[in-house]
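Pasting a structure here, questions to come.
Chain nomenclature is as follows: A, B and C, assigned in order of appearance, with residue numbering initiated at 1 for each chain independently.
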Amino acid sequence: MSDTPAHSVAFVRETPIPPADPPATERGVIKWVRENLVSTPANAVMTVLSLVAIYWFLALLVPWLLNGVWNAGSIRECREIMAGSGGGCFAVLTERWHQLIFGRYPTDQYWRPTVAFVLLFVALAPVLFQTVPRRLLIFTGLYPFLAYWLVWGGSILGPIFALAGFAVGYIAYSRLVDRSFAMGFFGGVLAAIVTWWITGFLADATGNVMALETVESRDIGGFMLNLILGTVCVSLSLPLGIVLALGRQSSMPIIKWICVVFIEFIRGVPLITLLFVANVVLAYFLPPGSNFDLILRVIIMITMFAAAYIAEVIRGGLAALPRGQYEAADSLGLDYAQAMRLIILPQALKISIPGIVNVAVGLFKDTTLVSIIAMFDLVGMVRGPILASTDWNGVYWELFGFAAFLFFVVCYGISQYSQWLERQLQTDRR
Amino acid sequence: MTVMTDPPRESFRLSMLLNDTRYRSYTFQFIALIALFLFIGWLISNAAQNLEDLGQDISYGFLGESAGYDINQRPIEYNSQDSHLRASIVGVLNTLIVAFLGCITATVLGVVAGVLRLSNNWIVAKLMAVYVEAFRNVPVLIWILIIFSIMTVSLPGPRAFRGEDPSSSMLFDAFAFTNRGVYAPKPIWESGSMIVVITFLLSILAIFAYRAYAKKLLYDTGRLLPTFWPSIAIFFVPTILMFFILGRPISLEYPELRGFNFQGGMQIRGSLIALWFALAIYTGAFIAENVRAGIMAISKGQTEAAASLGLRPNRIMNLVILPQALRVIIPPLISQYLNLTKNSSLAIAVGYMDITGTLGGITLNQTGRAIEAILLLMLFYLTISLSISAIMNVYNNSVKLKER
Amino acid sequence: MKKSVFLGALAVSGIAAGAASAATLEDVQARGELNCGVNTGLVGFAAPDANNNWQGFDVELCRAVATAVLGDPDAVTYVPLTGKTRFTALAAGEIDMLSRNTTWTFTRDNDLKFEFVGINYYDGQGFMVPRELGVTSAKDLDGATVCIQTGTTTELNLADFFRANNISYEPVPIETNAEAQQQYLAGACDVYTTDASGLAATRAAFENPGDHVVLPEIVSKEPLGPLVRHGDNEWGDIVRWTLNALVSAEELGVTSANVAELANGTDNPEINRLLGTEGGLGEMIGLENDWAKNMLEVTGNYGEIFERHIGENTPIGLARGLNAQWTDGGLLYSPPFR
């Protein structure tokens, strides 16, 4: 406290002045706009150009969406209803949605692929998210058999016996693996084959148990076919890709050579030529009289294609592991199989996950190529039966837009998951 | 001092082939080799059996036969009486044309989008993010079909240019954008035009020489020569001078509407444009991501270090950031080029006559020689891929960080 | 590796599903299904409708053969095939017969080792142009842009025609009929060329069919017919005589409406032999004697099939023309059932 008399100074400020607001140009929206949109003249020009582009795009898109006709029997009706308002003829989607999604699948059986699709998420959950209880992995193991039964129908015994073969094989493997990995592996394979051979007779004898109406592979189409090809081929190509990657890293020259040739050959040719092979040429190379489903031949080819790419991703993961990990495994006295199974692969796979997801997204998109070999997937349905029909000839944007939208939703979802996972993995390492 | 004696040498026993790690790998390889040969042998014997049953054989004689069909885009002379082999070569050249154009456009688009996505202009960055995500997440086949539909449905047909009061008109009387493609003036090379072209090529060489000299001067003496304006001058002045000195030996042939179509000039067909653009925009989205990743991979410290050395911003970019970023960007860039080339086989969806459309399309249909045609098709793509990979390996080795 | 059983199970079902050998008839009967190759989508000839049932002129032949062989018109697996895949699918035994508007040519018959068993549609390649172009003859088309569907003999005929008349053109190859239609309507090509039947079908689907004319020139002979593999003559005979039975039935006045009545016996011995009440012709080709009766009950005779799918009362609206009975001035002439 000062002793200066109060009257000797005209005015004493006893409380601090409240801070003045920053100038209007330096706060709130205006500041944000100044900094982010018009910081330099060049920047301002770009902003204006962007706004024009956005306006132009929306001016096309919004009336098309808002004035769309959702209820009409043909493109001519659509045009009458719209009377030149420039809307889209979305009636084609409401009328043909079942063909776009399910292909020629029997109409009264749509619940089956739908259930299989919903269960797919349950089965994938423990694989995708570490927080989900591990016990669900059992369901993941059962899912392929369940899904096969649901989608293709037939007696449930087929998938059950197939599963039994794997179970027996696994038991034999776990008994024998203590002796050596090779013994366990071949023992397991042998046990599985014997089981399938025996149950083959059983299946013939017992006939139909809990049989669902059988659906021919040929009748499977639409977006469902894309999803089936995508999931089946990715899951099949993963183990194959691991084997190829290990083979390519192997010190045994012949094995390495075989893997290198396989991988480079597959990666060197476009998928479409492999599909031509599946469609046109493969039949020549199978025993006379045998006849594979086209869908099966395509699955084989796409799986080989994906496996080669996944092998390269995993090879990257293997190469990124510090040498010390290999040496540590050696110094523990682990043999090759143990070292790979317990030390190297778990880490290498973890590093490779983002790459594998990228391959998976690319593969899923590439399943549209089957439309070129006359399979009626989503794009095939659009280009074939729907656009060729008298009713809907000329409805391009609505159909292609719908197809693009479905693919975008799925692929964007997967890539967002992949980015999330990458962040998770990063925090782990820090 | 003790002398180490070798352990007693074991004599080789048969069981060691399975149990001894020294020999086991031979066993495995032997088994794998036998299995491979058996598998290949099985395939070949099946094929032989099947072909015999059908009374067919494997023969490449069809390549010499007359093809019988016409191709619209012919980089080399071709008519329907030429052989299937020549038709295939036309296809190969068409593939290379679309791949080359696509790669260049994709690179430009990708670099621009990648850099703009890191721009501090919020709206531009977001717009680029939308572009990248929209194109990366939708199959390229759908994009090709969409762009092809845009081309055919939105652009006017040549008929719209006709009549007293045409609904469309040519740009500068030189360019016509129709749904059959874009028509542009074509240069006519008269005598003496070679000299102009050579002058032009020489002046490009001169630009490089001048820049190398400027750089050397900078490193030797520290003197900074201007490069931008002299380069521009060297680029234009000699060629234009030569052009006029020789009495304008190069003239332009303008397209004009005659009969059903525009005649004269240069036509870039709709199928080529659709394929080219679709591939470029699609691949550009991937390249944008690579470029962004490459730039972000360079730590901020590099920029700051360069700034503290007193370098100006554009020199920081040219001398410090780009050389490092390029090492990250180029390998994935080249594999994107490879993908683009392979994706160009989707030409078949829009009727562009590339190798898949000629050899793998009409030739295969007309001759029924499926095995032979597809084998040749695969060999062609394999050759391209392997050569690009080889170039990539050479490059990778040359830019590898020399760690000492 | 969990999902490889998927593959295993599929493989088992796939191999079980088809086994092709020389004795196609036995295979078809053992399988209980006829595998029939059809077009991927050509309205009127073969196209799946909104309920996913295959419909069309070519499809009826598959149904007829299935009825003759298996007694069930629906025991057919339709295999949609493109121009590229049709021959391999047949050669590899994926299908038992191909009924996909395929032109009978020398090389297909001999070099590709197939057997054309007859002609179910006499076609020829024509041109369609917008009326406003004022073109009246294909020879006026110098410099025109022509849309063609790839994978057919069309390209070759076109090249030959323009070469023979020494006029130039610009071919625009298109994969599917729908896309060709889009190109043509948008004016990206001046002319659309394909088989005259296809032109009629395409034109019928237009908003204003009157704005387009089909030019009088028919530049090629396109005898379209079903085909089977070389080497199995018994099977070839079955398909051949199924087609002949359809044609004969029309000539003899047997329709789906009166076939049951006529099968009780008539005064016309040829009808009796056709319908199996006399002569035992069916057994000679390894079928029941009343095979043709069963078949005609389901599909009707050639004329009925024609009218139902592509005739003048359908949107496609094709006249019989060359495809009329020989008695009406057409080319349909079935060998006698004797």
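Just so we're on the same page, a residue touches a chain if its C-beta (ideal position, glycine included) is under 8 Å from a C-beta of that chain, and two chains touch if they have at least 3 such contacts.
Because the structure is predicted, anything quoted here is derived from the model rather than measured.
Q: Where the centre means the average of the CA atoms, what chain is farthest from subunit B?
A: C
Q: Out of B-C and A-B, which chain pair has the most contact pairs?
A: Taking the two pairs in turn, the one with more contacts turns out to be A-B.
Q: Measuring from the mean C-alpha position of subunit A to the mean C-alpha position of subunit C, what distance in angstrom results?
A: Chain centres of subunit A and subunit C, defined by C-alpha means, are spaced 40 Å apart.
Q: Just curious, how far off is subunit C from subunit B if you go by their C-alpha centres, in Å?
A: 43
Q: Distance-wise, how many Å sit between the C-alpha centres of subunit A and subunit B, to the nearest whole number?
A: Spacing between the chain centres: roughly 27 Å.
Q: Return the residues of subunit C touching two or more other chains; collapse runs of consecutive numbers into ranges.
A: 84, 88, 91-92, 179, 182
Q: If you look at subunit B, which of its residues touch at least two other chains?
A: 50, 53, 149, 153, 348-349, 364, 370
Q: Counting only residues that touch at least two other chains, what does the list for subunit A look like?
A: In subunit A, 276, 280-281, 283-284, 288, 383, 396 touch at least two other chains.
Q: Considering only the defined contacts, which subunit A positions touch subunit B in the complex?
A: Residue positions touching the partner: 32, 35-37, 39, 43, 46-47, 50-51, 53-54, 251-255, 258, 264-265, 267-273, 276-277, 280-281, 283-288, 335, 361, 365-366, 368-369, 371-372, 379, 383, 396-397, 400, 403-404, 407-408, 411-412, 415.
Q: Given the complex with subunit B, which residues does subunit C contribute to the contact?
A: Contacts found on subunit C: 83-84, 87-88, 91-92, 107-108, 111-113, 132-133, 141-145, 150-152, 155-156, 158-160, 162-163, 169-175, 179, 182-183, 186-190, 229-231.
Q: If we count contacts the way the header does, which residues on subunit C are in touch with subunit A in the complex?
A: Touch residues, subunit C against subunit A: 1-15, 17-21, 40-43, 47-52, 77-82, 84-85, 88-89, 91-94, 176-179, 181-182, 185, 204-205, 207, 315.
Q: With touch defined as at the start, can you tell me which subunit B residues reach subunit C in the complex?
A: On the subunit B side, the touching residues are 50, 53-56, 68-72, 79-81, 149, 152-153, 156-160, 179-180, 258-261, 263, 270-271, 348-349, 351, 353, 357, 361-362, 364-366, 368, 370.
Q: Where on subunit A does subunit C make contact in their complex?
A: Residues 76, 95-96, 99, 103-104, 107, 140-141, 144-145, 147-148, 152, 154, 158-159, 162-163, 165-166, 196, 216-219, 232, 235-236, 239, 276, 279-281, 283-284, 288-296, 299-300, 373-374, 376, 383-385, 387-390, 393-394, 396.
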